[in-house]
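When the chains are written out, they are named A, B and C in that same order, and each has its own residue count from 1.
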Amino acid sequence: MHLNPDLILLWLVRGLGTISAILVLLILLFLFKEAFPVLREVGIGAFFFDAVWQPTKGKFNLLPMILGTLWTTLGAMILATPLGILSAIFCQFYAPDFLAKLYRRLLELLAGIPSVVYGFWGLLVLVPMINRIQPPGASVLAGILILTLMILPTIALIADASFAKVPTSYLTGSQALGISQWGMVWGVAVPAAKSGLMTAGILATGRALGETMAVLMVCGNVVKTPTGLFDPVRTLTANIALEMAYALGDHRSALFVSGLMLMVVVIGLIAVAEWVVAEGKNYG
Amino acid sequence: MVKQKWGDRLGTGFIWAIPLTITAIFLWIIGDVFWHGLGQINWQFLFTAPIDAGRSGGIAPILVSTAWILLICMGVSLPLGIGTAVLLVEFSDIKTGFGQLIRRSLDTLAGVPSIVFGLFGNALFVKVFGLGFSILSGGLTLACMVLPLLIRSTEEGLRAVPQSYRLGAASLGISQTKTLWHLILPAAMPGFVAGFVLGIGRAIAETAALIFTSGYVDRMPSSWLDSGRSLSIHIYDLAMNISNGNANAYGTATVLITLLLMINALTSWIGATWTNHHFKF
Amino acid sequence: MTTFHPKNTIHPTAIRTENLSLSYDQKIAFQDISLPIPAQKITAIVGPSGSGKSSFLTCLNRLTDLTQQCRVSGKVYLAGKNIFDPKIDVIALRRRVGMLFQQPNPFPFSIYKNLVFPLKEHGITDRSHVEYLIEESLTAVGLWDEVKDRLKSSALRLSGGQQQRLCLARTLVLKPEVILMDEPCSALDPISTGVIEDLIKDLGDRHTIVIVTHNLAQAKRISHQTALFWSQKNVGHLIEVAPTQDFFQHPVNPLTQAYVTGLKG
């Protein structure tokens, strides 16, 4: 039979596309498959209400790690969001063209620095500095500062792109009304770019939650709910990275449970980001 | 000129201070690494094996492992990525449910934390496929990770090809396959190359996804089924687990950052030379 | 509602559309167009912007297949066969029905490869035959003398008029029966326009040509039959079709009368 090459091509790319499309499902499936044994045995509650995290002895309290992830992420967002947005405002409304371009390039470079290098720098420079203020140095604060540096470029670049999409007529219009630069930015540009800014924040949150190496290297990794900024802390991701190499049985399974938690939160965040974008399109 | 108010002036000052600070920190990080690392780098560092868990000696096997991991990663993700991008752009599948589904899952894939990719790679490639801690497992895991990036960039390349080429070729009765092969893919080359370079940049920077897929072993790999240590894992291990490993960690970080800066320069160069559609045949 | 002139029927038709309609998503581009296109004659389609002229043209070689969300209903008969029949070989169809676009669209190849590419795709690879066909088609569009010494240089370096003639040569090299042209001169300067116009007139003896044009004088000069499309309630309709002489001298429909005297459109 004479086979139409166009048809073969169509089915070939459909096949490849299918593989790309099911990867996410595969990831979820395998996380679940590996997490299932311990979930069946002790239930999800054990991960929050057990006394301690001693997975080899059947104690699975992940709460200190969950809180560790939460505090570091929250802290980084509180710092990085305003700094990132102000960076974008700088690029769009204050800097001369060449400086804006240069600064964008710098942000791209910053986004491309490997997290292990951030962690290394944090370990050798930042942690000793914090140690001088209050030992041990490896702490929630160190994690927050490093994460801030890491997610700031993401926020700044997305925010910059969404400011660039604000119609210039809005801006010149307000200038004609004699509104000051500062007033124009906050009164006109920021509201107009709102959905883009929110997307930037959401995606950056996802990155901060999932970041592993840098926080692993600067946070001290003690399994204890932190009570202050200078306490060492272990995040969910660091916990996986530290223990996965030797974990067996239920222990391994419990680590996959924490991976599954991360995955669920990230999928939730992405869904929210998509919703924000869609809303922005409807009302923007 | 409107007279600037106090708040305005304060705001302006603040807004200039932020990029200055960030630039300073960037220079600090890069400067710190190069300052301590450049002195470590010589032929011997690049071409000999690590001695004493990496405290002395070089990084030759680590460079080789890294190269193999990247090769497998790109070798697998390129055909997948190009095929998917062709499906999304060239066949009217975008607006259909299937196209939407692919796009949605790629958006999600792009947000999956690298440590989760590591768990997945460990469960699937290391355990189910029985590849063990190996260069192959690591490369395949990274292939999944860079896929969304690659597809995005390839798609952009394909969309930049003027529709008039497609219409012109179709109106001459040229099949879609031939049009794609002789006309569209060559014209979309900048997109592929950009995607390729970005993908390598992302893969070479990755650590967390590799720790329990490609493993730690710092010997020269003799096959894809051997465990191999990447540059980034080497930095991590020297910094965290080996006392007195910092000097060589700095050296390795310098190599890694230099590679990344080169990749970055290459990307901008491609962007600059090819945006004007200067391709000849 | 279309006004037909009885004289029309005396010519053998090459293409006949029957109640042809086309829509994009929700938008209907044109509706219920039944137009006979005489063989080896030039048919001009005129009408205001947005009346569906280009859309109509792309139905005749099924270029509509390439546009997402484009729905066609009705029939287009070419040599007695409906080209929208799923059994039709589209590749063969498009070889018989060539097309020239408003913007010259040479491929980013050498001049030579622009012509070889389609030939090769249709299995014509014998070297001397290929070279003969290339010289023939370039001569037919009056480009041979201008480019014979630089066949290997990029087609993108030709002037706009030259590029459009190259595109015409690229169509001719496949020896199509029908050539569709969508405002082929509107992107060109007056001199190039004159050159192309003469070429079209020439080709009209041996080919069935359907040309969309905004230039009424051009339609009058080169075509044998003229059809007026008009957008009513945002949907394109065929208002009147007549031998060109009658179309301009004795238009029947008031819209046509107003259009040809320059009162409307």
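To be clear about the criterion, a contact is a pair of C-beta atoms (placed from the backbone, for glycine too) under 8 Å apart; a residue touches a chain by one contact, two chains touch by 3 or more.
These numbers were taken from a predicted model, which means no experiment stands behind them.
This structure's chain pair with the greatest number of C-beta contacts is A-B. Relative to the whole-protein C-alpha centroid, the nearest chain centroid is that of B. Averaging Cα coordinates per chain places chain B and chain C 48 Å apart.
If you average the CA atoms of chain A and of chain C, the two centres end up 55 Å from each other. Annotation: 18 Å between the Cα-based centres of chain A and chain B.
Among the residues of chain B, those in touch with two or more other chains are 175, 178. For chain B in complex with chain C, the touching residues are 92, 94-95, 162, 164-175, 178, 182-183, 186-187, 277, 279-281. On chain A, the positions that touch chain B within their shared complex are 5-6, 8-10, 12-17, 19-27, 30-31, 33-34, 83, 86-87, 89-90, 94-95, 103, 105-110, 112-121, 123-125, 149, 152, 178, 180-183, 203, 206, 209-213, 216-217, 237, 240-241, 244-245, 255-256, 259, 262-263, 266-267, 269-270, 274.
Here chain C touches chain B in the complex through residues 61, 63, 65-66, 68-69, 90-95, 98-99, 101, 103, 105-110, 113, 117-118, 121-122, 154, 167, 170-171, 174, 180, going by the rule given at the top. In the complex of the two chains, the chain B residues touching chain A come out as 2, 4-5, 7-8, 11-12, 14-16, 18-19, 22-23, 25-26, 28-29, 32-33, 79-81, 83-84, 86-88, 90-91, 93, 98, 101-102, 104-109, 111-120, 122-124, 128, 144, 147, 151, 175-178, 180, 201, 204-208, 211-212, 232-233, 235-236, 239-240, 246, 249, 253, 256-257, 260-261, 264, 268.
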